[in-house]
Amino acid sequence: MAAVSRGTRHTLATLAAAVERRGRGGLTARILGDQAIEIDAVAPLESAHPRELGFLANARYRNAARASSAGALVMTADDADALKWPAGTTPVLVLCAQPYAWFAFAAQELQPEASLVPGIHPRAEIDPLAILAEGVRIEAGAVVAAGAQIGAGCWIGARATVGKNSRIGAGSRLFAGATVLDGCRLGERCIVHPGAVIGADGFGFASFDGGWVKIPQSGAVIIGNDVEIGANTTIDRGTMGDTVIEDGVKIDNQVQVGHNCRIGAATVVAGCTGIAGSAIIGRRCQLGGAAMIHGHISICDDTIVSGGTLISRSIATPGFYSGVFPFMPNREWERNAALLRHLQELRGRIRALEAQVGVGASGPKDDA
Amino acid sequence: MAAVSRGTRHTLATLAAAVERRGRGGLTARILGDQAIEIDAVAPLESAHPRELGFLANARYRNAARASSAGALVMTADDADALKWPAGTTPVLVLCAQPYAWFAFAAQELQPEASLVPGIHPRAEIDPLAILAEGVRIEAGAVVAAGAQIGAGCWIGARATVGKNSRIGAGSRLFAGATVLDGCRLGERCIVHPGAVIGADGFGFASFDGGWVKIPQSGAVIIGNDVEIGANTTIDRGTMGDTVIEDGVKIDNQVQVGHNCRIGAATVVAGCTGIAGSAIIGRRCQLGGAAMIHGHISICDDTIVSGGTLISRSIATPGFYSGVFPFMPNREWERNAALLRHLQELRGRIRALEAQVGVGASGPKDDA
Amino acid sequence: MAAVSRGTRHTLATLAAAVERRGRGGLTARILGDQAIEIDAVAPLESAHPRELGFLANARYRNAARASSAGALVMTADDADALKWPAGTTPVLVLCAQPYAWFAFAAQELQPEASLVPGIHPRAEIDPLAILAEGVRIEAGAVVAAGAQIGAGCWIGARATVGKNSRIGAGSRLFAGATVLDGCRLGERCIVHPGAVIGADGFGFASFDGGWVKIPQSGAVIIGNDVEIGANTTIDRGTMGDTVIEDGVKIDNQVQVGHNCRIGAATVVAGCTGIAGSAIIGRRCQLGGAAMIHGHISICDDTIVSGGTLISRSIATPGFYSGVFPFMPNREWERNAALLRHLQELRGRIRALEAQVGVGASGPKDDA
């Protein structure tokens, strides 16, 4: 395990108070048992020790919770009712409506991020025309170009690059080797993981004379507050107008976001997803891993797309959408895939049978 | 929007002359209306102002063109005929056969690329045995190894790396953090976006003794002129012999090109596509986003592959190929996917019916 | 071709001895013909010259082997028996049970890797609290943080980054721009290609109050010996507990490995594959390119997954699994995809026919 710096020492009572503070009052919990026990860390149910906190957010893991040696367990009252510990063995319970969120804040409290030590490394390359706010940390090999603005408390990692006239909002962190190109803007408290590229040219060419003429990509990438962007993810600048990522969007690793896309607030995009140019994704959507979204379509708010699904048309009704060939043993797949190529013939044979037998299937069903 | 430097001031007449020059005479246009109007920029139809140029290249957007406030609109004569403006409100029209190409050249003229200021940054690391031509720009943190040759007017961005004995043709640009490994060659006027890796080892191992023996990857990557390579794209070196990307190929972000592939001239490869080793892609092909191409197959010239399609066998006939499970609401998908696993049983039931009824379907149809 | 440094000059006899040594006695071969011929290099069958070695490991290429001008050919005795050369034209043959492995070791002998020249570049940034073993090479722009341990004979490429308290085992190589984040560990003789990111945060958030609360990612990435990690591949650190890559795993480019995954020894993962968090992959598995593995599932040892297949449930039986929509001309695909949406209706029509005709299909078959 990584040598993670531990935070303040906590009893369960002080931890609960800290969680309530972090949740701005939106999370209340009822503690059953000894609030004075000390809690050092969070841990998985299977490996948790008596000084560690575990959580149960999915009824599937009730058995693991019952068997856990965690000193305290966060769960809903319903889960606690369903679990029967042998007399005298019940762990301390933290009952709340949103145990996973409670646990997340507890983990943040117990395992705080590495704290920022301000300072500009002598081997960082800062253009004299860059503007740095207070309390900034810029590490070795980082490059900050002319006109770039780095907000208060930003942390620019080793070898990260901030292009001309770009702006990084206060409290944001660029990890090692992240690249923000000219003229792009990030809001506050954003996290950009290593190797991510924000603001490369969109993919736009006009066919001409047997080849391709490049369309200049003159828009930017505009990113809201509290956005997280995964390692080696790429977000292209707009062709004309901008690519926009709204507040609170979380994007995983290896994702491609094309030029002029807009991703609505609080949407999450899992790894390896590709979003083609000018796609508009609503708010609070969830795109599963390796989903593919066609260009120039719109997906409404609160849409969930299964991993591996290609969305080829706009979606106007919130819901859960899928489209993946089910996996099976290869020989079986070969047979089914071959038959799939002949669905029309199967339909034809059904029609012929219907005609022969006189079943009245020639109405609307015939579309199928 | 990015603070893009504007080019020369233009009237529509001077702009048209510049486009004709850029198109080397291959693009002629007829202007209807006042050629003396000033044009500052290109813009989308919806947001264009009277000093901006819009374009219509798809009949689907005719309504947007009719409603646009652009000072001038590029389109075909057919589209212009189909659009009826209220008397006195017709914008200035630029009529030509290839409006998108005309527009592209106009955009290049109005929004020229940032101009190269030659110079070697003191924090670039240039090996004494590297060979730099005239007018080269090499930025902070870039590394150019022994024997590397950098052509005239090249721009090597911050933290880009050029390996030993590699060659970058005149007028090419490597953006921040791009990596060209030892012995690879790029032609003239190539663009390599941030984080792209050209010439990493191909993926080749021989099974032996319960493990894997690495096959040395001793080929290179050879790239023609006018090739564009997207952010975080990877192109592997050949195992024996080279990986070859011909002139005018355009590759988007997050693409993987395996060892010993050949991609024919003027082919375009959209984002997230994977091309496995030793695949041969023809000229003027278009591979949609997240397409997957098996290794050791050939795809003929002028083939179009839909996004998300896996090409598992060679294609010898030019055309448009697809193979994607259509997306649908998840519950419906679950039912259809389950039935898909039982196509053979459905066929068996049809056969049984045919036998019972005496329909003569037992001939060649029985393959389906 | 890359200017690859050639190794020692070899006759076929000395080469065979070297292969036997590299294979630690596990590979024996019988040579038919003149063992004194000189061999300079390995080459593809089609282009091999008389001083080059070719191989045949797949009966499909027998014709190419027969037509090859290679001075010597490695193959099985069976293949040699099947090939009939015109009298007097048989090349020298190296017969062995595992020709591809024999060839791989021969190639390693003939085309040795660039040899490491130890030394710390003055423009590498080494924290005084980093610990470097003997014979290490660290190139320009590399960054090694406090507490990092670099094993004997490691090669840290230009602009590579090694985070705090991480450990790189002896004989490992990080190529240009590779990033290993804080607290991660690599075993001995690992190879990390350019742009790979090891140890970025896993993708974990709890829903709260219309947004997302970040789960601190406090685990690490633990990598065994002899692991190879492709260009721009990303391997996330564990949330709690670690992400583990066992000995001898080979991972291609553009792969995403989520938090808390475990990949068993000697498994190979082809390019563009995505493995979601907490997936457990067995030993000696082979995941084809662009495969997608759901989170929180287990795949048993010796499983092969076809390229492009999404594995959505655990696999408990070793075997070869597939699930890809077959590609076809687009118009045909459109029709088949449309029918696929109506499989239930086709089944309903079959049922109606069966009822009408009186075929007894209403038993278990009715599930299909």
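Side notes on the structure shown:
Letters are used for the chains, namely A, B and C, taken in the order the chains are written, and counting of residues starts over at 1 for each.
FYI, a contact is a pair of C-beta atoms (placed from the backbone, for glycine too) under 8 Å apart; a residue touches a chain by one contact, two chains touch by 3 or more.
Remember, it's a predicted structure, so these values are computed and weren't measured experimentally.
Counting hops only between chains that touch, chain A reaches chain C in a minimum of 1. Two copies of one chain, chain B and chain C, form a contact in which under half of the residue numbers belong to both partners.
Centre-to-centre separation between chain B and chain C, using Cα means, comes to 27 Å. Each of the following residues of chain B touches two or more other chains: 123, 141, 159, 177, 195, 232, 254, 272, 290, 324-326, 328, 340, 346, 350, 353, 357.
Those residues of chain C that touch chain B in the shared complex are 1-4, 23-24, 26-27, 42-44, 47, 98, 100-101, 103-105, 107-108, 111-114, 121, 123, 139-141, 158-159, 175-177, 191, 193-195, 226, 228, 230-232, 248, 250, 252-254, 266, 268, 270-272, 284, 289-290, 307-308, 324-330, 333-334, 337-338, 340-341, 343-344, 346-347, 350, 353-354, 357-359, 361, 365, 367-368. The residues of chain A lying in touch with chain B in their complex are 123, 125, 141, 143, 147, 159, 161, 163-165, 177, 179, 181-184, 195, 197, 199-201, 203, 205-216, 218-220, 232, 234, 236-238, 240-242, 254, 256, 258, 272, 274, 276, 290, 292, 294, 305-306, 309-312, 319-326, 328, 332, 335-336, 339-340, 342, 345-346, 348-350, 352-353, 356-357.
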